[in-house]
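Both complexes below contain subunit A, partnered by subunit B and then by subunit C.
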Partner chain A sequence: MKETTVERKYLPEMQQKEMDELRNTVKVASEKIIADNIARMKKADPHRPDAMKYFDDIANLFGKRQQEIEAEKAKGKKVIGYMCLFAPTELITAADAIPVRVNSGWYDTSKLGDRVVPVEVCPVIRSTIGAKMIQLSPFLEQSDALISVLTCDGMTKLSEILSDQKTIWGMNVPRVKDSTHSLRFWSDEIKQMKTQIETFTGNKIDRKKLKESIEVSHRATKVFRRLQELRKGNPVIMGRDAMLVNQAYSWDDKVRWTENAEKLCNELEARAAKKDWVVSPDIPRVMVTGTPMFWPDNWKLPTLVEEGNPQGIIVADEQCSGERILNDPIGVDEWSMDDMLNAISERYLMASTCPCFTSKDGNEDRINWLITKIKDWNIQGVIYYVIRGCMLYAMEYSRVKKALDKINVPVYYLDTEYTREDVGQMKTRVEAFLEMLNARVDF
Partner chain B sequence: MAGEIIGDILRLTVLAGLGVAGIAAVLLWKKNLATRVTFLRFVIQAVSFAALFYVFSYTIPLLYVLIFVFVLSLFLGRFFCGWLCPFALIMDLESLLRRALKIRYRLIPDRFNVALHKSRYVIMLVFLLVPVALFVFEPKEIMVSPMMAELLAGHYRIYNVLIDPMIPFIVPWSNVATVNLAGVNFAYPYGLDIVTFTNEQIGLYLMAAFVAVTLIGAFLIRRVWCRFCPTGVSLAAINQFKGFKALPLLYVEKDEKKCTKCGVCKRVCTVQVNEVYEQKGGKIGTSQCMLCSRCVEMCPYEDALKLKLGNKTVFRSRNWLKQPNTD
Partner chain C sequence: MADLTKEEFWRWREYHRVMPKKWSKADIITAGVDVGSVGSKAAIMVNGEAYAWGITRTGSNSPESAKKALDYALQDTGLTVGDLKYIVGTGYGRVNVPMANKAITEIACHAKGANYIWGPRVRTVLDVGGQDIKAIKIDETGRVVSFLMNDKCAAGTGRGMEVFADLLQIPIEDIGDISLKVEKEPDPVSCTCVAFAKTEAMGLLRKGWSKEKVLAAYTRAMAVRMANLINRVGYEPELVVTGGQSKNIGIVSRIEVILGVKTLPMPRWREDGLDPMVAGALGAALLGKALYEKAQKA
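Let's look at the complex of A and B:
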């Protein structure tokens, strides 16, 4: 680990001993939580698909994948972390580097983050700062550079705070999406990022490599969409399992992830043919939208929904930790370098339904997309999940509520924190909502 | 005579058969959903090219062809431009070449593009109004004016210009504007008219310049001529008005709820139509659109874009990452 000689602008000095102690405590606790979460997921579905075993392994952040990346790094590969979905991972893989997402889901480290930023700040940011302080997150530690996309206020300052210890490349996102000059601006950012990645890794991104890399993404998107199609019908997979699979993509090897997800889909298809439903098809179908939920700690909502009484099942989500990762393919028209770069920039900017955007008619894309999802996935209720401090999602709630009221789909605003203290209270709230959904179905 | 007719029917049948076989081959072999329709379009363009060659080898008055195309455009919009026009085939082949060379296309600024598009109506109007103008200036001589006779029926028929893009680059006749290579007459759209409307010597140079300019233009800019070609005047311009909305039978329809505004449709459009991207659902009522269906093909969201004939969906956008079902 390279200790920085630069003056720390944000992060407090910590004794090595204190750091180690804290890291070990949190790590041990976190490993327990990962094991516990997986055990619960296994329990919820007694004959869980065999293909999920692979994802359980990958889900252990301190396990297999960490060692793999370490080995790759020893061979001279660079690791480039990113904190927001807007980072063009295709460019990273095309330059023979490893992309990993480094947002933190640890509850405990968010308390540490309080030493740097006030508690009002989004817990994802605080937790990531805390993880950096005690060097907890394996992927954050392994990454040689970080792409920080300046989407929300939290991300903007987070990149500044982390720049104490990491190389940070900021990417400026235009907030107004549907104008030509926004797109031009963003395309320039992508092109600049390409040069930056090239100089950093020393590998030139040529046409062939980029094409390969895009095709890898295409295959992943294809499987991803297949998995989501499978969730349209009667439930064949628990929502938590599918969410874990989706999220694992952001730190797993893309090719291997695709292969294993394909296996999972095959298995699920066989199940669907046998009408072997994972839970009764009558239980309420719930969709989660809002703030991202990061593995491993921030898994309380899906657990509560799927283990509640009455039980619900999450069949879709609209989160950047979930379905937004892979939903949109990169629509390349001509396989020339420029067109590929344009396609990448369009896919990351225009197709995104992040609430950090606005446009002439407000963020209408997101509303439309939500409504389409609700219809296609036959969703009975929406949980609008917001962690306190996430202004953008919180502020868009009333608009979503109005739009969903029109199509008569109940939506429930569930706000929480990076803490385990409110699980009991949340349980009551979630169960009340599910009860209400059940009552609606009965009518 | 009867033998000739039977021979022609046979030839046309073989042609149609080849076309159907080509379409079937594309549908069966072209697994990639993102390029399938484009290939299909190439097959249809080739068939139409051959068909026009046959049409021109008879002494069918060209005016009938023109009337046919305009009536077609009344109901099918600019379907002709997108799928049948031989000049467009030349430009598409050039695009293929450019793609193979991995050279990026250039874009025309949007405003200029729209202005070009509107100019086609002006050009068309000018051609149609020339006889009227002459009539105004020389009312007495309307029937006897040799110039008038020339314009309506003679060598300088005004509607010739409108037929020009339909002239395949291999033609059954030979004249000053064709080049005979190995027994095949090569022509170029607008070539003959440039030569006949001007002095023959300068005309040939002008024609060469025209060929060079359009070839280079189409190489750099996709479908450059289609942006102001007066033959592409479409009734889609009329259906903006009340009462004409039901007129076009073939149209692209957008479902806004399924659209995430990812912008693919805008980028892949060969004539830079923005309406598909910008319009809030419903019929895409722009006469710029040639219904080539590239946007429908590339749209990654199921059913977000549809090509409709009447109320029936001919073709809809799909998740093109999926392999097509062979059954």
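Let's look at the complex of A and C:
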């Protein structure tokens, strides 16, 4: 792959041999972790839906999807990676390019990132840097350009660091949501990105193509919502399975993902009709909010909850690695180019509950999301998940706690790092929380 | 060469106790086995009343430590494992208690145990173990309402005290008293990190500080950390301390000063009272009784 050959401002020069050795070690370990995660998910549900097979396949980051993208690239398609959910993927697909999310979930590479930034920095950032250093991440490597939306401090500087080796397009997102000119400013950013993508790919984004792209997103959102809807009642799918399906959208082919998610929902509806619950309907229903949890390594919390003693089930989340990906449709009225671009701008800015935003009510949108979910999904307890270094989520905790105290829903602040070393401690904390939720109904 | 006969200052003494009480086969006899990082504790209850307990050291093998603790608790009681209707495993090694019918976290068990030892007035429990500290809020029945626990970092836990006991050649059981033998309370050490504790203490000793002063400064720092945890979970009277460090008067009295509150008095565990170090095992045995009765009804 052609990498830009500018002088490196951040990333250390590494010997090819060291890089290859490290990549192979981490890759082998990672393939094992992917297989192990999936094996455990299979074990958790003896009647696991057949449609999950497809997503298990896509979950192998070094498998089918990587090869597919490679083949598309060989035919001349461009791949455009992105870190934050604010990247308008509809513009990418409308220009006949492939969007992939490239945040790293590998624990091991965060230690490599320590060579570039201090350990206090968010592990997602350090891990992504580390992955770039040893060229581990298939999708990051395949990306011809990266859209970096300047949300938190980590993401902002990450884009600078990655610019050593990648073409970066920064998008400046206004952090005061409800100011009168914020949306206008963001709309301009979106329009500029459209031109950027057109120039880069050589493909004009016309009205018809953009409409098609938005319609693909609409269909995806529809089935996505159907899946979350199915998690409202007695459990028909393990939280981990649903979370993997949701997250796989970030690197999968959008149309095919939608078809397979529909198959899954059909199976789940049949299951619900037969009252074939995946676990006892009496076990605590948990929601997770906070720092994103990226596949494959950072799967420890859902695993601990759903394999816990006592057992719990995750029925909802409020995370940018989960339900935030597709929750909100793009509200188009007239399908003119202007209207579509404005609708995209609005969808990406206004619907977001990312803690990087504030407004005259602070991040009230996030509180509303949480409370709505808690009520409609009948949630008994919330785990507030923070990876140390994730300042914005850590800082919003007090407000969330107060809001949830008011409606008498327990919330537990679980802080951790990109490591497996604390799984024992985490297990005690998670299980004590689940015991507490059980004790509220039955002692 | 290491001196194998050297006294292990950092270790708690193992002991066991049998209360003057009769039991018959008709009684509901349950046990709790609390395998901690340093100590393994087991408690036997007869109809929900504490009958016997044993405190042993945790070895490298959790199942063996659990067995050793339970055997020690059963010693001189005339009971055998077969007489136990229900056994609950708890503590860090709870998943490795082979004879247990069920595993419950030490958080729920310490909550229940504190409620048993001190009664329904207890609302806040601070459990200071060998490698973790937990602040637990409970209701009048001993149920957990909320809790906080340190992460994998052992700063401010009993482990730090062990390092000092070893370094200063003072038995761990005397550390609390000795730390109070200072005319004026020194500033707390800046860092409770266990890894740096030794270095920091050496530095202070070299500066000419007395053992008492060094201990006071470190104990103070630990107490500040614990008081913070209590404040974060939200202090509500009455407060009690459980776990190994509940016996460290230097810690407990400093927490009282920092928070400006009183803890409920320590039972006379050396004489005829219950030992807060076995709160987790007692709670486990009590929860075991509840689970046994529930199973009988079903």
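Remarks
Please note the rule applied: the second predicted complex is superposed on the first by the 440 of 443 C-alpha atoms of A that agree within 3 Å, B and C clash if a C-alpha of one lies under 4 Å from a C-alpha of the other, contacts with A are read in each partner's own complex, and residues count from 1 in each chain.
We adopt the following convention: contacts are C-beta pairs under 8 Å (C-beta built on N, C-alpha and C of every residue); 3 or more make two chains touch, one makes a residue touch a chain.
Just so it is clear, the structure is predicted and the values come from calculations on it, not from any experiment.
In the overlay built on the shared chain, the residue A:D178 is in contact with subunit B alone; subunit C does not reach it. In the superposition on chain A, A:W369 contacts subunit B only, with no contact to subunit C. Considering which of subunit B and subunit C touches more of subunit A, the answer is B. After overlaying the two complexes on the shared chain, residue contacts for A:P410 are found with subunit C alone; subunit B is out of touch.
When both complexes are overlaid on chain A, the residue A:T428 reaches subunit C alone and has no touch with subunit B. Interface residues of subunit A, counted against subunit C in their complex, comprise 309, 410, 412-413, 415-416, 421-422, 424-425, 428-429, 431-433, 435-436, 439, 443. Residues 92, 95, 103-108, 132, 141, 143-152, 290 of subunit C are the ones touching subunit A in the complex. For subunit B in complex with subunit A, the residues that touch the partner chain are 34, 99, 102-105, 110, 256-264, 267-268, 298, 300, 319-322. Subunit A meets subunit B in the complex at residues 177-178, 180, 183, 207, 218-219, 221-222, 225-226, 328-329, 331, 333-339, 342-343, 346-347, 350-351, 353, 365, 368-369, 371-372.
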